[in-house]
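One chain, subunit A, links the two complexes that follow: it is found with subunit B in the first and with subunit C in the second.
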Partner chain A sequence: MSIVTVQLGQCGNQIGYEVFDTICRDLHNTQGFCCKRENEVYQASCKEHFFNEEKSGVPIARALLIDMEPKVISQTLLKAAHSGRWKYGQHSHFCQKQGSGNNWAYGYSVHGPKHEESIMNLIQKEVEKYDSLRGFSTIMSMAGGTGSGLGAFLTQNLRDAYPNSFIINQIIWPYGTGEVIVQNYNSVLTLSHLYRSSDALLVHENDVVHKICAKLMNIKQISFRDVNQVIAHQLGSVFQPTYSPEDSCQYRRNPLGDLMASLVPHPEFKMLGLRNIPQMSENSLAYTTFAWTGLLKHLRQMLISNAKMEEGIDWQIRPPLSGLPALEKVLPNKEFHFNTSIANLVILRGKDVHSADLGGFKDPALYTSWLQPSDAFSEWRTHRAFNKYEKLAALVSNSQFLLKPLDTIIGKAWNMFASKAYVHQYTKFGIEEEDFLDSFTVLEQVVASYCNL
Partner chain B sequence: MGLPGLRPRERSGPGALPRAISALSRALRGRPRPETFRKAKFDLPEAVAELWSLLFSLLWPVHQEGAVAPGDPPEALEGQIRFVKWVLHCYGYGRRHFYQLPEVGSHGSYELLLAFSWLLVYLSLPERFLYLNCVYQGDDAWICSCKDLASYPVPLALSCKGRVDIRYVQWLLGKLRFQWRSLYASQQEQCTLLNKIHLYTRGCHPDPSIGHLSVPEIELLRFPESSKQMLQQLESENSCLEAFLEWKHMELVYWQWMDTVLDANPIGIPNADKQDVFLPEILQYCSPKYLTGEMDRVQKNLEALRQRLQETVNQQRAAWHTKVSRCSQRLPRLPELSTAMMKEIQKTVECELAALEQGCGVKSWSHRLQRLVFREAGEPSHSGTHQMTKVIQVLRREEASLEKTFRRLQEECQQELAILARGLEGVIWILPP
Partner chain C sequence: MEEGVVNEILQGPLKDIFDSKQLITNVSGSGNNWAVGYKVFGSQYQDQIVEKLRQTAEHCDCLQCFFIIHSMGGGTGSGLGTFILNVLEDEFPEVYRFVTSVFPSGEDDVITSPYNSVLAMKELNEHADCVLPIENESLFDIVSKINQMVTSGKPGTTVKPESLVTLNEGGIKKKLQEKPFDTMNNIVGNLLLNLTSSARFEGSLNMDLNEITMNLVPFPQLHYLVSSLTPLCTLADVNIPPRRLDQMFSDAFSKDHQLIQADPKHSLYLACALLVRGNVQISDLRRNIERLKSSLHFVSWNQEGWKTSLCSVPPVGHSHSLLALANNTCIKPTFIELKKRFTRLYKKKAHLHHYLQVDGMEESCFTEAVSSLSSLIESYNELDVTKGLPVHDPLRLNIVI
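Presenting the complex of A and B:
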């Protein structure tokens, strides 16, 4: 039951490292707030998903590191080896000497086809090691050249080569004021291409995570590492083992497949957002206690008011009266106040988890008119605490969370495109204006679909 | 052929009937008691409860067989009675009086005895039961080449206008696709692990025609304490089989007695007033709540249809007879076939049949479990076995033909939609990808 993580580009590799490190630290965490036997089952299940066992006893991450520059990869490999808890496989990386210069077209049309065979061989060799393959999880930035361009190319290839596997793309959404001038072009091209080949896009917004670091974690000088660790923590809280629905003594065998089946069956709605509660620095964690009722009340309001974190939630926003006809919800000039969901998944970890009541998430008013809460809402639970949090709730939501950021990026990209700025940098490598227009059309359709919930 | 150790006289003597019933009872794992049957013959109320629960306990496992998510059995007698009536209705049991029996189980043991005996033959209950409780020791694969895909009704949640949002249908389709992928992956994993077990245990099996251990056998080796349980299961299956054999030899006695039951007719209802109406067996897969309302309508329609068909058949038959008799008068008599010629013809037919079978790749297999046995390429296999590669070939062909049907249906739907869309002004119709 394995998931292969594909780390792409500088960003993907750095976050990938943090994800495995977080998972591994959680594995060895003695503060699991559960009995020894349960802890063992949890550990075994986690290892089955993310690691290969080696004779030396050091688990090897089921990951492939791909970049067009050698620097980050060699750093990442070293850091993992030095951790002593886990490491990457010996032949699990691919790198070249020259990057993509933040040009999506270079990653997609030059690097992609040139190294297709070597990279696909590398992946095939990795896959052949397992008794079963559940799917791929790629980590990549959306704004750069290698992660985004090569990542989009590779995702297409994965879809063709493994038509029965699940593919989720972890996408790092750039800062609104990013330093890459063509980041909006790159983003539009990445998203539109992934929308055709991936099953789900799990989005991590740099701006949001940055704010979490500043306000909730009280970090003064925020580094990329801090941001990456928060993302890794959020991912870990979703993909670490949870009980299977049939038997609460067994852990879920196919979390990726279960997540997809509950959140993204509809091919037009693939954008997932992630929220966590509580989120705080390790120092304050030791002095704070939480009740499930309070946590879930906050999480629910974060969902319906589209709040990025537990601080500064707008408590005025209420779901529309459920008796209203669907038309009322779709007024074209409606401002993005209430956040309508297609589907939500809540994951609860920690003490007294079975007493937590999720009734608030099963309100039909939260969801689009064509889905019932029984179809649209799922919950995963486990007694085992995650990462020293005595109680932790995570929400993966397929909703209008990303409508506004998406609309903004398309708007900015379109303005640049209208004045033909930098387009020649792309046509030089085979991405024509026609391709841009196609990409805009795809994303406009996505925006329209999410608007009409 | 007589039963060993049982003289013919014992099969028809005065104690024969209780013995037959007790054999049947043991074959069905000790359910019916001979005394109950005797009471039912005279429609005594004491036998009613036992017969209802007997029918329920027999029909429930049969009905749950192959169900993806087995349901919980109804606990109250009333629920059980309703279930039994519904199942019998689905199988087409035609005695009206049976369905009119009260759901409190106060009387009607005679009717229940008739229903039980009908099921005995119609469903081959003892055989079904033996099959259900069979202890499997091999790695089995379910091979089935039945083409009649039962149509499962999907209860779509209707909106207030009674329409289904297309996005909901797309959602369900997507969900189905994902679940299919999950299933595919777990099947693949199972195959890989099975292959490992077969490879690692080569030469361990006492039977050289199999040569390796199966998963249940490995389980026995890993947990020796479970062998006791297995032994018990085997013993119980064995005694069931013995009882079944005995029942088969004495079955006639039971049916002779049933004749006397029919003649006795304590409730005074004619036993053969009309022919039964058989409903398609597909109905047994449906849930009662979607059907009870429609059942009567369907039955009436079927009855009318049957009558019309009967009339047509009679007309056609009469027309055919006159045609044949006219033709035969005109034709010269056929020459007598010599035995040599007959043999020759027979041989040619046999050859052609064999060629046909080879053309198909495998002998047509029925709808059943087959034991999986691992063989290296080039190793000889025994007659009567199917090679998996050939089975896969046949299944691929079937898949292709189903795919073709699916495409055709899809095209038809698209055409139909396009026609509908043309009727709407100002709407552009773009074919889905």
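Presenting the complex of A and C:
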């Protein structure tokens, strides 16, 4: 029942810390809006998934911290230990002295093979502690060198070494206007490689989360910590224990597996997006109440119109009426009208969760023609509230959500590749122009597939 | 290759920082002659230099880069300096070589500085990973500006003394007029501090030195970066509203703050890096990038070519600071000017005999050097031509379903 979280690079480690911190806080939350017994079962399930119990009583996160330079890992370990509520394992990290220099080729071709044995040994040791390993969740950014390059290498290795475990990659999509100049190259190389070895890619876009911080959380001077906390909240809302009526009315034992089964029916379609509603600052939370009908209405429209958050939704967009001929296939650079889905998973947590009506998500018009809504749509309802939100709905969607961002990144990378700028930095470490072309081809294929839904 | 300067350092307040085993001196100096520095002293001291480098490198857990600090116009820094660059490439090929070069100004008192500089440029072109050119004129202008700010006596303009980018924190009070080179050099010292700050301190978005070459050098030859430092000082009056932050970003792009005589705003950017220190968050950074990018020209294949880093620890005396590194075609005039001065001398064969009489020097060294410089200028020309032209995205791959 255990999920191993592999935190890669600066981004992965910073976010990983916030995820465990959020999960732990939620664990000890008394405002679960449910009975004590329910709460205890929830807590037990959460601990089983994410923490090892230790004699001292302080739970140890089931996580591995990997980075090619020491500063971030030492900070992360310290912060966790200081919290007093949880910590990382003493020997659960691996780091070197010199980073990857934002160079995917360096992360993949130099650091990867060099440290393969040590890192895989570290993972093996961690996995041996568990009764049953359910899968791996890696957290990494696409823009840098370690998370992206070493991350891609490691995912391949995990796939080879643990063929029966699920692998989900949490990918952080960089800001459009630069964090790293070669971020588009790094992104293209990462995505194309992950597509071959991973089961699903759950994407978090920095631009989107930034807007959420600005508009919904009302944060004036947004720091990476704020961004990371929102991402952690979103991940927690998906991966915290969920009730499973099929599983003899217990908390779900295999959330990763169930997620894959619900959302990834075909290996060509692995890009998952995440939307949460409501999303607000903790202060406002105390003064606001919600109704499921309102929340779900907004969430459905967010899905249909590909809105990134609950503000500024375009209500004009409607699904095509069933019975009419299929809409003309939309090209990614034209204005998007309607977001076709392959599969959707809605996770509801909180008060009166059984009264929520999810009929709107079962409309066949939302989905592509080759899946029935009964197969394409899944719902997980849990009484116990998450992170002090009286009611919360999370949507994990395998749809055209990421088509435009993906297309944009490919366009920019291709533009740069056409002038051969920076390519010498990659060929220096064994990534040749053919490798670039292969990656472009894989991703153009993915774009075409999603386009033709 | 002469003892005066090194001796002065050894008697100064920092004498304990330098290990005497790491010093190499001679008595005669290089006579402002690149050939003497490179060929004569190069071969004479090669073994000693390699030996001492190896000894120091052995103490490092992980050697990431070398900083070479020199001037281009003289004999030792220029000649022996570029010789060492070659040695570093041979002995430590995996280690990055960052070079901070002081370029001679128009009214340089060394007549042969154009020869020395062009001969050195060829070496920098071929063997350096990254060059940060500095011009004394710019440093002097910055010093004068600070002088003005300090002595203007306008209300609300009292400057915090330890924040001056021209004075060191050691509190050693030097009159700004007394040792002008010290104040100017302090600016370069701060440049190097800010460059390495993210490697030395924690931050939410770290940047190591190898990331600088990775992001700012799109083609191996174009590795010259124009740098600018802001703010130059902090005002002591706390009643001044904090619009300073956005002003800091604007200043970094003004030609008054650049460390060479160049105007990046009106030339073409290939790439730009912003290294921020102190209490600045990602939203401040993004807001300023959005604000400034419309007034800057970026090359067509790198329209959003920004590399950013956030280090939590500000420099002494400041609450925040910014170092901007630009790979920009505005450096072209510097090279063109250098070539002009070289050609003026070389046409007349003036002072050439001092060089040719050195063993191993021939006229071909000169012609090769100037041709290397010309090809560099030509590369920048080719890019400049594309500025302002309409951008056509190249056709994407077509996939058959």
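What we mean here is this: the second predicted complex is superposed on the first by the 439 of 453 C-alpha atoms of A that agree within 3 Å, B and C clash if a C-alpha of one lies under 4 Å from a C-alpha of the other, contacts with A are read in each partner's own complex, and residues count from 1 in each chain.
Criterion: contacts are C-beta pairs under 8 Å (C-beta built on N, C-alpha and C of every residue); 3 or more make two chains touch, one makes a residue touch a chain.
All figures in this text were calculated on a predicted structure; none of them were measured in a lab.
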Clash or fit: subunit B and subunit C on subunit A?
fit
Per-residue touch tally on subunit A - higher for subunit B or for subunit C
C
Applying the document's definition of touch, where does A:F166 land relative to subunit B and subunit C: first, second, both, or neither?
first
Given the touch rule stated above, what does A:L133 touch, subunit B (first), subunit C (second), both, or neither?
first
Once chain A of both complexes is superposed, is A:V264 in touch with subunit B (first), subunit C (second), both, or neither?
first
Angular separation of subunit B and subunit C about subunit A, which is computed from CA centres of the superposed model and rounded to the nearest 10 °
150
Tell me the contact category for A:Q14 with respect to subunit B and subunit C: first, second, both or neither.
second
State whether A:L371 touches subunit B only (first), subunit C only (second), both chains, or neither.
first
Who does A:T190 touch here: subunit B (first), subunit C (second), both, or neither?
neither
Quick check on the superposed pair: does A:N306 touch subunit B, subunit C, both, or neither? Answer first, second, both or neither.
neither
A:S439 contacts which: subunit B (first), subunit C (second), both, neither?
neither
Considering the aligned complexes, could you tell me the closest Cα pair distance between subunit B and subunit C in angstrom?
9
Where on subunit A do subunit B and subunit C both make contact?
none
Sort out for me which residues of subunit B touch subunit A in the complex.
157, 159, 165, 167-168, 170-175, 177-179, 181-182, 184-186, 188-189, 192-193
For subunit A, which residues are in contact with subunit B within the complex?
1, 131-134, 164-166, 199, 253-254, 257-258, 260-261, 264-268, 368-372, 375
Contact set on subunit C toward subunit A in their complex
61-62, 64, 202, 204-206, 208, 210-211, 213-220, 271, 281-284, 286, 289-290, 293, 300-308, 310, 393-394, 396-397, 399, 401
Residues of subunit A that touch subunit C when the two form their complex:
10, 14, 69, 71-72, 75, 96-99, 101-103, 145, 175-182, 210, 213-214, 219-225, 227, 410-412, 414-416, 418-422, 424-425, 440-441, 444-445, 447-449, 452
